[in-house]
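After this come two complexes, each holding subunit A, first together with subunit B and then together with subunit C.
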Partner chain A sequence: MKPVLFLLLSFPLLGALLVSLIGRHLSRRAVETIACTAVAASFILALTAFLLSGQKAYSLTLARWFAAGSFQVGLDLYYDPLAAVMALMVTFVSSLVHLYSVGYMRYDNGYIRYFCFLNLFVFAMLVIVTAGNLVFLYLGWETVGLCSYALIGFWYEKPEAANAGAKAFVVTRLGDVAFGIAIAICWVTLGHLSVSGIHDSAAGIDASRAGIIGCFLFLAAIGKSAQLPLSVWLPDAMAGPTPVSALIHAATMVTAGVYLLMRFFPVIQASMPLMAVIACVGILTICFGALGALIQKDIKRILAYSTISQVGYMFLALGAGDVAGSLFHLIAHAFFKSLLFLGAGCIIQALHEEQDIFRMGGGLRQKMPQLFWLFLAGTAALGAFPLTAGFFSKDRILLAVFLQPQAGYKLLWVIASMAAMITPLYAFRLFIIVFFGKSQSPSGPAKASPTSVPDVMTRVLWPLAFFSVFLGFLNLPLNWAGKEWLAQYLAAVPGSAMELHASSKMESAMQLGSALLTIIMVIVACIYYGTRVESVETGTETLLSKMQALFRNGFYLDRLYQTRITAPYRAAAGLLWQKVDAGWLDAGLNQSARSFLTLAETLRLWTTGRVSRYVSMMVAGFALILCSLTLAWWYLLI
Partner chain B sequence: MNTSPLLGTIVFLPLFGALAALLYWHNERTCRLLALTVMLADLVLVLFLFTLTPHFREPAGGNWLRVEDFSWMDALGIRFTLALDGISLMLILLTTVIGALTVLISWNEIKEHVAAFHFFLLAMMTGVLGVFLAMDVFLFYLFWELQSIPMFFLIGIWGHERRIYAAVKFALFTISGSLVMFLALLGLHLLHARQSGETTFALHQLIQTSFNLPLELTFFAAFALAFAIKIPMFPLHTWLPDAHTEAPTAGSVILAGLLLKTGVYALLRFAFPLFPHAAQLFTPLLLILGLTGIFYAGWIALAQTDLKRLVAYSSISHMGLIIVGIAVWNLTTLSGSLLQMINHGITTSALFILIGMLDERLHTRRLSDLGGLWKTLPVWSGFFLFFSLASIGLPGLNNFVGEMLILIGTFTRQPWAAAAGFIGLLLTVVYVMRMLRESIWGEARISPGIADLTGRELTILIPLTVGALWLGLHPGPALELFGTALTVPDLVKGLPILTP
Partner chain C sequence: MTIPFTHMLFLAILLFVMGAACAMTRKNLFLILIGVEVMLNAAGIAFVAAAMRWLDMNGQIMVLFVMTAAAAEIAVALALIICFQRQSGSTNADRLSLLKG
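Here is the complex of A and B:
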C-alpha cells in the first residue's frame, strides 16, 4: 500500500516540478503531456489503491518531518474508505480538467505557470485527502490555497483577477488561523495529532473540549468552503480561468472544508451544540447561495453562488450527523458542477468571452447541439430532477435532517426543502435563457455567431454527464431495492456509521413529494423564463428591485466587509505609521537624542580657554568620578 | 582542551582578509575575489565543524562541540575563550553563507571605495562570528562593538540619499545600548571578584554570582536593553526602518540576516543565564512586547510605499514572534525561535537581495512605480513569490516550521498569547499579499526590455532557495543540533528549560 500511496502523491508533484523547472525548454505539447500524464497516472494509482484496500484503514509514515522536545510531526498518511472515495473523485475530475485545459488554454502563453500550479494543486488536494496528521493536512490545506490564489489571479494583468486572488487568499487564511489554533489545542489537550489517534481519543473526551476543537476545525472549514460569513471570496474567484473554477472552486478545494469535518467527525459528533451550529450555518448558506444564484447575470457567478448553496447542503448533512449523505452529495456535486462549469467554459469561449447570460443571444440549442444535451444533464442533476444523481443525494440529506429527533431539525428540514425548490428554478433559468433565450436582448446587440471549440473540450464532458445522471445508483436508497452501497462502504470509517431509520413508506412518500415539487418548479422555470426577456431597469425603487439588488450583491456582505473592516484597517495602518510610529515614537526618541546635543552645546560654553577654569573643572570631574565609584563599590558590597 | 585554534581561525580569517583587501585598494577585482575566497574558505571550515559530535562537558556542563581557551589579559581576568555548540554552529554557518553572498551581491552595486567596503564587510564578519562563539563576556563585548562600527560606515558611505541620518541614528541607538551593557558588565565583574576573590570574565564563572534582586534586575535590564535595541524589540525599533532603507543591499542583508540575530542570541546565551531570576520576572514584559511588535509592525508594514521599508517592518514583526518564543522558554519554543532565526535570516535576506536586484535595474523601490513585473521579469518574480510565500509561513517552506514550534510550544503555557500569535500571522498575509499584488501582479508599468536575472544573481539566490526548502522539509538535523545544545542541565541556573 505504501508505494501506491507514495506514487499517488508524487506523480502530480513531480509533474509540477518538471513543468516549472524545465518547462521553458520544452515544447508546448510536451508540457501538456507531462501535466496530463502525471494526473492520469495518479488516477490509475488511486484506482489501484481503492481496489487493493478493501474496507481497511491504513496508517503509515513516509518520512519524519520535524521534532522538538516531545513535539513530533511526520509525513504520515491515513487511507481509509473515505479517503479512497475522495482520492478517486479528485484524480478523476482533475484528469478531465487537465485534458480540457489543453483545449481551453490553447492560445494562452502562460501555460507553464498554469499547468505547474494545476499539477501542484492536485498534489496538495491529495495530501489533504490522505494526510495522516493535522500538520501534514495543513500543508495540503495551505498549498491548495496557494494554487487557488495563483490560478484565480492567473490573468494578473486584469486588476479584478489580481485582486480576487489576494482576496481569496486572505479570507481563506482567516479560517486557517482557526486551523492553526485547532492544531495547538489538539496537541495540548489530546497529546497527539494523528488522524487515528484523534479518532481513538474522541471517544473519551468530554463534550465541551470536543466542542472547542470541533469549533476551530469548523471555522477553518468555513473559510475554505466559502460558507457564511466567509463566502465573499468565491464569487470573485470566478475571475480565474474556467477550468480552474470547475476543478478548484467547485469540485475539490471548496469541498475540502467538508472533508476536514468528515475526517474528524468523531470529534465533531461529540458536541451536540456544535452539530446544531453546523446545521444552521449550512442552512443559512443554502438560502444565501440559492437566492444569490437566482438573480445573477454572469454565468460563472450563477454557478459560484450555486456552489456556495450546494456546499451548504453538505454542511447541513454533517450537522444532521450523516457523513455518508454528505459525501454522496459531495461526489455528485463534484461531477455535475464541474460539468456545468466546463460546459460554461465552452459557451464562453465559443461566444468570445461573453459571460452575461442575457447577451448570449439565446438559441444556442441549434448552434451547439452536443453541448445542449451535456448541459441539460448537468442542469437536471443540479436541479435534483428525479432519478439524477442530485435527486438521490439531496433527498438523502433531507431525510437525514428530518429523522433527527430534535424539534429544531424539523424546522431546518422545512427551510431546506423550500430552498431545494429554488435550486431547479435557478438551474433551469440559466439553462433556458442560455439555450432558448430570445436573441433580441435589450441590454445590447447579440454577439456574432459562436465559433467552434476544440473537440477535446466537449469530449471530456461526456463521462461527467454520465456520472451526473447515473451516479445515484452508487447509493440507491433501501426502498429502491438498493443497498446504499456508499453508506455500506463507509461504515467502517469512524463517525460515519449511521442508520437512517425510516420506514420504506415514508421514504417513498418523501421522494415522491420532492420529485413532484422539482418537476413543478422546472415547469414554472420553463414558463417564466422561457417567455420573457430580462426585465428592463425602470429606475424606480420598488420592493422587488430592492430585493433583487440585495440578492445580486450577496446581501451586501462584501460591501460590509469593505467598509467596516478592510478600509478602516488600511486607514489605521497609515495613521499608525505616520502618527504613532514616525510622529510620536521615532520623533520622541530623536528628540531625546537631540536633547543630549543641546546639553553638549551648553557644555561647550564652558570651554572658555582659561586654564584655571579647566583645572578647577578637572578637579570637580575627578571628585565626581571618585564619588560615584565609591558609591557603586559600596552598593555592590552590600 | 587546547587544540589547534580552529574556531579562532574561523573568527579571524575574515579580519585578515579585510586587512589584505586594503593592500589591494588599487585593484577592485582582486579585492572582490579576495573577499569572496576568504568567506568561502571560512564556509568550508565551518562545514568541517559539522563532522564534530558533542563531547565537551566543560565549561558549565555544556554539550560543546569544541572549546578553545587561551590566556590573554590575565591580570584583568580576560581570557580568549571560544566555544561551539549546536546553536553557535548553525548561526556561524548562516554567517559565513550570508557573508559570501554579500560579496557577490555587491559585485556590481558597489563601485566606489571598493577596498574600504570589503574591509568593513569582512571586519564585521569577524565581529559577528566572534559574538556567536565568545564565552568570555569581555571578549563578547569587544566582538559586539566590532560588528556595529563597520555597519555605521557601510550605511554612512555606501548608503542611499539619507544615509548620514540613518547611520548616525543606528550608531546612537547601538552605542547607547552597548554602553549601558558595558557598565553592567564591569559591575558584574567587580561583584563576582568581590564574592569569589577571582578576577574573571568567564561566562560560566560569572553565572555563579549571587545578587540581591534589585541589583540583578538592574543588570538584566542593562544587558537586555542593549540586546533589545539590536533585535530590535518594540518600542526600540525605530532605527531599523531607516537603517534598512538607506543601507546598500549588502548592509540590509547583514543587518536582517545577522546583526538582528546577535541580539536574540545574546539574550539567550548571556542575559538569561547570568540573571535568571530577573529574567523570569521580565518574561511577561518580553512576551507582551514581542506580541505587540508582531501586530504593530505587521500593521504598519501594510501602509509602506517603499519595498525595502515594507520588508524592514515585516522583519520587526517576525522578530516579535522569536521574542515570544524566548519569553515562553521551553524546549519547543526555544528550538522554534532558534530555527526561526535561521529561517528569518534566509527569507528576509533573500527578499532584501531581490529588492536590491530590482533597484539596480529600475532605480526605484516605490510600490506605486511597480506592477506586472511577472511579465517583464518572470524569473525575478518567481523568486520573489517564493520567498514571500516562505515569509508568510507556507508549510513546506522554512518559516512554517519555526512558527509552528513557537506557537505550539507557547500554547502549552500561554494559550492566549499563542492564539494572538496565530492571528498575528494573518497580518503578515495581508501585507505580503498587498506587496505581491502591487509588484509582480497588476498591469505592467515597466517598459519591457529589462534583462532578467543573470548567472551571478542566480548563484546568489539558489543557495537560499535550497536552504528554504531544506529547512522547510527536513529541519530534523538542525533541530537536533539545537535540542542537544538546549538540553544542558544548567544552561540557565535556576530557570530550567521547561519541557511541556
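Here is the complex of A and C:
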C-alpha cells in the first residue's frame, strides 16, 4: 500500500518539476505528454489503491517532516474509503482535463507554466485527499490556493484576470487563517493532529469544544468552497482558462472544503448547533447561487453560480449528517459540471471567444451536433432530470434533510425543494438559448459562423457524459432494488454511518414528486425561453428589473465588500501612507538628515588646509587640557 | 654651584613656547621642523632637570629615547620635505592643502 500511495502523490509532483525545470528544452508535444502521463499514471495508481485497500483504513508515514520538542509532524497519509473515492474522482477528472487542455491551449505560448501549475494542482489536491495529519493537509490546502491563484491569473496581461486571481487568493485566505487557528486549537485541546487520532478523540469530546474546532474548520471550508458570505471570488475566477474553471473551480478545489468537513465529520457531528449552522449556510448559498445563475448572461458565470449553488447542496447534506449523500453529490457534480464547463469551452473557442449566451446566435444544434448531445447530458444531470446522476444525488440529500427529526429541517427541506425547482430552470435556460435561440441580443448580431475545435476536446467529454447520466447507479436507492453501494462502501468511515430510515413508499413518493416537478420545470423553461425574446433594458425601474439587477450582481455582495471593507481599508492605507509614513516618519528622517548635512557643512570650514593652523589648534587644545587639569588639581589641593 | 630646579624648568618652558611659536607661525617646512626639534629638546631639558632634582636616572634615560626618536623623525621628515620640494618646487607648508575641506 505504501509504495502505491507514495507514487500516487509523487507522479504529478514529478510531472510539475519536470515540466518546469526542463520543459524549456523540450518540444511542445513532449511537455504535453509528460503532464498528461503523470496524471494518467496517478489515476491508474488511484485505481490500484482502490482495488487493494478493501474498505480498510491505512495510516502511513512517508517521512518525518519537522519536529519542535514534542510537536512532531510527519508526511503522514491516511487512506480510507472516503479518500479512495475522492482520489479516484480527482485523478480521473484531472486526466481528462489535461487531455482537453492539450487541445484548448494549442495556440497559447504559456503552456509550460500552464501544465506545471495544473500538475502541481493535482499533487496538492491529492495531498488534501490523502493527508494523515492537519499540517500536511494544510500544505496541500495552501498549494491548491496558490495554483488556483496562478491559473486564474494565467492571462495576467489582462487586468481583470490578474485582479480576479488576487481576489480569489485574498478571499480564500480568510478561510485559510481559520484553518490555521483550527490546527492550533486541535493541538492545544486534543494534543495531536493526526486524522485517526482526531477521529478517536472525537468520541469523548464535549460539544462546546467540538463546536469551536468544527466552527473554524467550517470557516476554512466556506472560503475554499465559495459559500456565503465568501462566495464572491468564484464568479470572478472565470477569468482563467476554461479547463481550469472546469477542474479547479467546479470539480475539485471548490469541493475541498466539503471534503475537509467530511474528513473531520466526527468532530462536527458532536455539535448540533454547528450542524444547523452548516445546513443554514448551505441552504442560503443554494438559493443565492440558483437565483444568480438564473439571470446571468455570461455562460461561464452561469456555470460558476450554479457551482456555488450545487456545493451548497453538499453543505446542506453535511448539515443533515449525511456524509454519503454529500459525497455522492460531490462526485456526480464533479462529472456533470466539468462536462458542462469543458463543453462551454468548446463553444467559446468555436465562436471566437464569445461568452455571452445571447450573442452565440443559437442554431449551434446543427453546427455542432456532437456537442449538442454532450451538453444535453450535462444539462440534464445538473437539472436533476430523472434517472441522471444529479437526480439520485439531489434526491438523497433532500430525503436526508427531510428525515432529520428537528422541525427546522422540515423548513430547510421546503426551501431546498423549491430551490431544486430553479435548478432545471436555469440549466435549460442556458441550454435552450445557446442551442436553439436566435440572434436576439440588442448588443449586436452574432459573430462569424463557428469554427471547428480539435477532436480531442470533444472526445474527452464522452466519458464525462457517460458518468453524468449513469453515475446514479453508483448509489441506487433501496426502493430501486439498488444496494446503495457508495453508502455501503463508506460505512467504515467514522461519522458517515448514517442509515436513512425511510419507508420505501415514502422514498418513492418523494422521488416521483421531484421527478414530476423537474419535468414540469423543464417544460416551463422550454416554453418560456424558447419563445421569448430577452427583454431589452428599457430603463424603467420595475420591480422585475430591480430583482434581475439584484440577482445579476450577486445580491450586491461584491459592492458591499467594496464599500464596507475594501474602501475603508484603502482609505486607512492611504492615510497611513501619506500622513503617517510620508508625512511624519519620512519627513522626520529627511529633516534630521538635512540638519546633519548643515552641521557637516559648517564643520568642514575648520579643515582649512593650512598646516600652521592645524598646529595652532593642536597647541591650543593641549593648552586647554593642561589648564583644566591644573585647575582640577588646584581645586583638589585646596 | 647648583642651578635651582625652577630655573631649569623656566628655561624648558621658554624653549618650548619658542619652538611652538616657531612651528605655528612659520610657513617654511624646514623652520616648522626646527620648531618641533626645539620643543622636543625643551622636554629633554625638563626631564634632565627632574632627574637631577630627584636623583633618578630614569629621566636621563628618557632623554636618550627622545633623542633617538627625534633623529628618526627628522630623517623621515627631511625625506618627505625633499620629495615634496621636488614635486612642487617649494617648501611652503601652505601648499600642502590637498585635504582641505
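Everything below uses one rule, namely that the second predicted complex is superposed on the first by the 578 of 638 C-alpha atoms of A that agree within 3 Å, B and C clash if a C-alpha of one lies under 4 Å from a C-alpha of the other, contacts with A are read in each partner's own complex, and residues count from 1 in each chain.
By definition in this document, a residue touches a chain if its C-beta (ideal position, glycine included) is under 8 Å from a C-beta of that chain, and two chains touch if they have at least 3 such contacts.
All values reported here derive from a predicted model rather than from experimental measurement.
When the two structures are aligned on the shared chain, A:Pro159 is found in touch with subunit B, with no touch to subunit C. In the superposition on chain A, A:Ile520 makes contact with neither subunit B nor subunit C. Of the two partner chains, subunit B is the only one that A:Phe66 touches; subunit C does not reach it. Of the two partner chains placed by the overlay, neither subunit B nor subunit C lies in contact with A:Leu631. Comparing subunit C and subunit B on the residues of subunit A they touch gives the larger count to B. In the superposed model, A:Val177 makes contact with subunit B only, not with subunit C. When both complexes are overlaid on chain A, the residue A:Val619 reaches subunit C alone and has no touch with subunit B.
Across the superposed pair, subunit B and subunit C touch subunit A at no common residue. The part of subunit B that touches subunit A in the complex is made up of residues 169, 172-173, 187, 190-191, 194, 212, 215, 235-236, 238, 296, 299-304, 330-332, 335-336, 372, 374-375, 389, 394-396, 401, 404-405, 407-409, 411-412, 415, 418-419, 422-423, 425-426, 429-430, 433-434, 436-437, 440-444, 473-476, 479, 482-483, 499-500.
Interface residues of subunit A facing subunit C in the complex, by the touch rule stated above, are 604-612, 615-616, 619. Residues 20, 23-27, 32, 93-94, 96-101 of subunit C are the ones that touch subunit A when the two sit in their complex. Against subunit B, in their complex, subunit A makes its touches with residues 64-71, 135, 138-139, 142-143, 146, 153, 156-157, 159, 162-163, 165-166, 169-170, 173-174, 177, 180-181, 183-185, 187-188, 569-570, 572-574, 576-578, 581, 585-586, 589-590, 593, 632-633, 635-638.
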